[in-house]
Amino acid sequence: MRNIFIWTVIAAILFALPNLLSFSQQEVLVFLTINILVVASYRLLTLTGEWSLGHVVIMGVGAYASAMLTKSSGLYVPLGIVMGGVVAGLTALALSYPLFRMKGFYFLIGSFAAGEIIRLLWKRFREPFGGTKGIKGIDPMPDFSVGFYDFDFFEPTSYFYFSAIVVAICLWILWRIEKSPIGLTFQAVHWQDKLAQASGVNLRAYRTLAFVIASGFAGIAGALLAHYIGTINPNSFDVEVMVFVLTWAIVGGTSTFYGPILGCVVLTILNEVVLRELGLEQTRPLIYGLILILSILFMPNGLESIVQKFTRQKERRSLRPEEAK
Amino acid sequence: MIELLAQTGLNAVYAASYISLVAVGLVLIFGVMGVINFAHGELFMAGAYVVVALYAQRFVPFFIAVAAGLVFVGLLGLLMERALFRPLRDNPLGGLVASIGFLMILQALAVMGFGVRMEYIPPVTQEVIAFSDKVRLPISRLYVIIAAVVMLSLLWYFLKRTRFGWALRASAQDPQAAALQGISVTLTAKIAMFIGAGFAGLAGALTAPLVSVNPYMGHSIIVTAFIVIIVGGVGSLEGAVLASIVYAFVHTFVTTFYDGVIADITGLMLMLIVLIVKPTGLFGSADRA
Amino acid sequence: MIAKALRGGFSRRMFLKSSAVTALGAALPNMTLAAGETIKIGFLAPLTGPVSAWGKPGLDGCTIWAERVNAEGGIKLEDGEHKIEFVAYDNEYDPAKARTGATKLIREDGVSFVMMLGGDTWPGVQPVADRTGMLFSTLLPSDLSPDTTTLVAPTEVHPIYIVTGVQWLAENRPELKTAVMCAQDDALGLPSVATYLAAFEAAGIEMQDDPLLFDPATTDFAPVVTRLLSSNPDIVCLDTCYSDYVHPICTQLFLQGFKGQIISATADFYDQMIAKTSKEFMEGFIFQFPDFDDPALNAEHINFPDANGFYTEYNKRYPGQWGAVSWEYASIMELWKLAAEKAGSVDPEAVLAAMQEGGKGQHAFGEASWWGEELFGIDHALVGDWPVVMIEDGKARIKAFVSIPDWYDQHGDLLIKYMTKYDQMWSQRS
Amino acid sequence: MTSLLEVKDLTMRFGGLTAVDTLNFKVEKGTIHGLIGPNGAGKTTTFNMISGFYTPSAGEVLLRGENIAGLPMHEVARRGVVRTFQHSTLFAELTVLENALVGTHMPFRPNLFAAIFGWDKDARNGAEARAREALTFFGLADVGHEHAGDLSHGHQRALGMAVAYASHPDIVLLDEPFTGMNPEETKHMMGLMKQLCSDGITILLVEHDMQAIMGLCDNITCMSFGKFLAEGGPAEIRNHPAVIEAYLGGARHVA
C-alpha cells in the first residue's frame, strides 16, 4: 500500500517534470532518460565483474538496426525499437564467442577492439550503413492520441513520456533480473567464479547471458535515441561517449541498482545544465575532469555511498524491518 | 617497386620508433602500478606543447626543448602518481577513471593555453639523406629513430643492470613479494611513472615538428598504443617493442598498398586475433589476467 | 517507396501546413520584433572539440561584423533600425546536442536566423527546422535535399567551387597531364573527391591511381605521400583536406622530393607551410580561399564590404588565426542583412523570399544564382564565380574569378557521374 | 560392481614436474574416504583433477563408470560431484543465506523469463527452504543475514560445506575442512559428517588433522610425492610402515 503510494507520487512528479523545465532542458531530459537505460544496462554486465568498453557501440548497433529496419521495410517504429534490442543482443551473442575467452583487463580491451571494428565497418561501408555521415531521415515515432493526451513526438515532452515509459519497463525488467536467482548467480560469478562453478554454474553461459541482456537493453536505448534525433553516425557512438557512460557508473557507484542512475543524473545535470548556464563553455571539460578526479578520490564508492550512509542510519533505527517480519 | 618498398620500410621504422616509445611507457606504468593510464596520449600531447612553448614561441634550441619536454612530462607523471594513483592504489578501476579525468584536464588546459588550432612549429632541419631519388630519410625523422633506439637501450640497461631496475622488475612481477623484500613500492611507482610519462613526453616533443600539434592529438596515439601493448603482451616491455615494430610495418605497408582505413581495420583485427589465440599477448606471461 | 514518401516527408509537411497556425502559434515565441529591439542571430556550431576550428573562427568573424554593422546603426527594417547580436551554442559537432541547441536558440532565445556548420549536425536539427520554419544556413551544401526548404547554403558551395581551380590550371599550365589525389574518408572528403575527379576528367588530366583515402585520425603522412609519389604524377591534389592534414602532407611532399604542382581546396596558414618547406616549393600552389587583403576584393562586383579592413581587424584581434571560415559566416550575415532590409522584417519566410527573389543572390564574390536542383534536389545553393588563388612570391593572390555555372553547363554530366559513383547525390544520401 | 568414484592412472605434470603420478584408488558409495599425505604429496592437485578444475595429463576419473576427467567443473558438479575449497573461499560480499542459495543452483535452476514475471515462486521458495535447511544443518541458521566475510573462521568453513550440501550432491570433496577449527568445533563437525554419510552422501576428504581422519574415515588412501603409498582402514594405515616413514618427523601426528 505504501509502495503504491510512493510510486504514484513518483509517476506524478515525472509527469509534471517537463512542464517545469525550459525547452532545451526538456531536450536534455529526453537524452537523460535514454542514458539512464544505457547506464543501468551497463550495470547488469558489471554484476558479473566484467567491464566492457564496447557498450556504447552495441547501443549503436541497436540504433542502426532499428533505423535501417524502419527505413527499408517500413517496420512500425515501436517494433523497430524492440528489434533494435534484439539485434544488439544477437550481436553481443556473436561477439561473446571471441570475447569471453578473455577476462578482466583483457576483456576490457577486447571489447574496445571489437567495438572499434564495428565502427570502422559502419564508416567503411556506405552501403548499407551510410559511411561516416551515417543514416539520416530516420522515421520519427508516429504521433498518436490516447484521448486525454496527444502524443506529438517532435515535442520533447511527448517523447519524454514515451521514452520514460519504455525505460521504466526496461528498468523494471533489469531490476527483476537482478533480484532473482539469476542476479544472485551473476554476483556469484563475479565474487568467486571458482566456487560458483563448483556449485554447477556454467560461468561462460552466465557471463554471456549478462552480456546479451545488457546489450539488448543498450540496443533499445540506442533505438530510442535514433528515432528521436532522426540521425545517427559512427561518431555518435565513439569511445568518448563510452567514457561518459563509464564515469556515470563509477561516479555513481556500482554496488547498488540506483548508483549508476544517480551518477548519470547528477553528472548530466552538472555538465549540460549547470556548466552551460554558467557560460563556462570552454572550461567545461576542465571542470568535468576535476569533478571526476575529486569524486573518485574522496568518494571511492560513488554517490550511492552517501545515500547508503543516510539510509543505513534509518535502517538501524527501524531495526531491520524485513528480518523482523 | 624496390624503391617504393625501401621508402615504405623507412616510413615503418620511423613509425615503430615513436610508437614503441609511447607503448613502452604505457606498459611500464601498467606493469608497476597496475593502472591503465588513459591519459597517456595526452602526456604525448603535453610533450609536443612543451616544444611549442619553448622552441616555437621562445626560440629555445630544439634539443633543449625536447629534454625539457621529457622532464616536464615526467614530472606530470609524478604528479599523477602522487595525486591520483597512490591514493587509489587498491582501486585499479578508480585509477582508470582518474586518468580519464586527468586527460580531460590536460586537453582543456591545452585549449585554454594555446587554442584549438594546429600549432606552427618551424622545421628543425630540412636536411634529407637521399639514398636515391625516391628513397629519402629526412634527418628530422632520423632523430626520432635514434632517440628511440638510445632511450630504449638505456631503459634496458637500467632495468637489467641496475639495482633500481631490478627493484622495478620485481615489483612489476609481484608487488607484495617485492614489498617483503624491502623494496619501496612508492619509490618504484615514482620511477615507473617518471620514466613512463617521460618517454611519452619525449616522443611527443620529438615528433612535434613532424605532425599536426593540437589539443586532441593524443587520441589516435593512445588507440595505437593499446593495440600494441595487447599484441605484445600487457606486462612485457620486449613484447611492446616487438609489437610496435610489427604493428608499424603492417600498418604502413597496408596504408601504402591498400588504404588507411583498411590499415586501421587490419591493426584491430590483428589485435583481436592475438587476443583470441593467445589472450596474454605474443610475449605476455599468464599472470595479471 | 511512394508509401514512404507519403508517410515521411509529405505527411509531415501536410501536418505543418494544417496545424501551423494553431499549434505552433502557441508553441513558438513571437517572432516579430518590438521597435528598436536587438535582433538575435543563432550561431550553432562546434566551439569546443576537434571540429571547433570550423566554428570558433567564424564566430570571431561574426563578432567583428556585428560591431561594424551596429556602429553604422544596425539593420534597417520597416520600423527603423535594430542592433544585432549573436547567441552562440556549442553543439560539439553532435547531432543530439545540435538539436537541443536549436531548440534553445529558437524557442528560448528568440533568434531570427540560425547559422550552422552543418554536416553531421544538420540532420539532428532538421526536424526542428521543419517544425518551426526557422531559416538556417549551412556551409555544406551536401546537407541540402528537397525536404530542406528552410536551409540555404549561401556562401561556400563546397565542393563545387573546386572545379574552378582545376579549370584554371588546365588552361594556364597545359603541360601538366597526370594527377593523383588523397582525401580523408569523411563527409567533406568524399563529395570533393567526386568533384575533383569530374574536374580532372573535364580538363583532360589523367588520374594515375584511385584516390587514396585515409582515416581522419591519421597523423603520420609519410606512407600516404610515398604512395602518392610512386607513380610520378605532375599534379598532387589534396582534396578538401583540413589544415591538420594539408600541412604535414606538404611537408612530406617536400621532404620526399616532390617538385610538381599542388592543388588543394584550402591552404589555411600557408605562411607556416612556406616556413616548413620553402618558398620555391610552395610557389604556384593553387587553392580556393583568398586572404581578404587581396586587392582583387576591392572590385565593384564584390559584396563583402571593406574586405581589406575586415581582414586587418581580424588579424589584429586574433593574430595568426585567419582561415577559410573566418569570413564565411560573416558573409552569410551580409547576405541575410541585405535580404532582411529588402523584406523590411526578420520573419524567416520573408527574409528567405527576399534573399531568393528572381533566383539571384548577392554572393560575396559577385552576383550568383540559386542553384542545385540536379545535385541537391533543391535550388538552395548560391553559386556564381569563385576565386582561384595561387601562392606567388610567398603571398596568396587571386588569379581569376571563374564561373562555376559555366563549367557545370558543359560538364554537369561528369559531375553527376562521379557524385553517383561516390553515393553523394541527394537521392543516394540516406 | 563399479565403485561410485574410481581414479585410474591419474597423472598431472606441470612442466617438468610430475605432481601426481599414475594414482589409483576407489571410493565406495556411502563411505567416508580420506586422502592423506605429507605436504606437497599432490592431494589438492588430485582433488582439482577429480573436480574438473584441472585437466589431467593422463588417466581417468570414473564416476559410476563414466569418465569425467577433463570436463569443466560445472559439468562435474552437475553429475553430483561437488567440492569445497581450501581456506575460506566464499562469496564474502554476499550474506550467508545468499551463499547457500548459490549452492541451490543445480536443484533449482533459474529461468530468465520465469524470474522476470515472477512465475518462479515455487522454485524460489524451494531454493530458500533448501538453503535454510543446509544452514540449519551446519548450525548457521542464526547468522543467515550476516555477510559471509564477517563470520568467524569456523563458521566460514561450515558455510563452505553448507553451500556444497545445499546442492544435493552425491559425493562431496572436502579440502581440509577442519583447518582453523578448535577441537570443540572439529568434534561437532565430525558428527555432522557422519550424519551426512548416513544420509547417503559419499565423502572424500583431504585433511591434515590425523585425529579427525582416523576417527572419521572408513577408508584412507595415503600418497607421497604424487605417488600412491598405501590404502586401508584407519588401523591399517596408522601402523603401515611406509606411511610412518613418509610422515617421519611428522610422525607424532600419526598418534
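Order of writing sets the labels: A, B, C and D. Residues in every chain begin at 1.
Following the convention adopted for this analysis, contacts are C-beta pairs under 8 Å (C-beta built on N, C-alpha and C of every residue); 3 or more make two chains touch, one makes a residue touch a chain.
Everything numeric in this text was worked out from a predicted model, so none of it was measured.
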Where chain A and chain C overlap in contact partners, by chain label: B
Chain whose mean Cα position lies farthest from chain D: C
Distance between chain centroids, defined by C-alpha means - chain B, chain D (Å): 50
Whole-Å separation of chain centres (CA-atom averages), chain A against chain D: 42
Whole-Å gap separating chain B and chain C, where each centre is the average of the chain's CA atoms: 38
Where chain C and chain D are represented by their mean Cα positions, the distance between them in whole Å: 75
Per-residue overlap in chain B, given as positions that touch at least 2 other chains: 111, 223, 261, 264
Sequence positions of chain D contacting 2 or more other chains: none
Shared interface positions of chain A, touching two or more other chains: 123-124, 282, 284-285
Pairwise touch network: line, ring, star, complete, or other: other
Chain pairs in mutual contact under the definition given at the outset: A-B, A-C, A-D, B-C
Complex contact set, residues of chain B against chain C: 4, 7-8, 11-12, 14-15, 111, 115-118, 120, 122-123, 126, 128, 130, 133-134, 136, 138, 140-141, 209-212, 214, 216-217, 219-221, 223, 251-252, 255-257, 259-261, 263-264
Interfacial residue positions of chain C with respect to chain A in the complex: 3-4, 7-8, 23, 27, 47-48, 88, 90, 93-96, 99-101, 103-104, 107-108, 119-120, 123-124, 126-128, 131, 147, 185-187, 190, 216, 423, 429-430
Chain B partner contacts - residues on chain A that touch it in the complex: 51, 98, 101-106, 108-110, 112-114, 116-117, 120-121, 123-124, 243, 246-247, 250-251, 282-286, 288-293, 296-297, 300
Of chain A, residues touching chain C in the complex: 22-24, 26-28, 31, 71, 74, 123-124, 126-127, 130-137, 139-140, 152, 154-156, 225, 229-233, 235-236, 272, 281-282, 284-285
Complex contact set, residues of chain C against chain B: 48-50, 52-53, 56-57, 185, 212-215, 217-220, 222-224, 226-227, 229-230, 243-245, 247-248, 251, 254-257, 269, 272, 275-278, 320-321
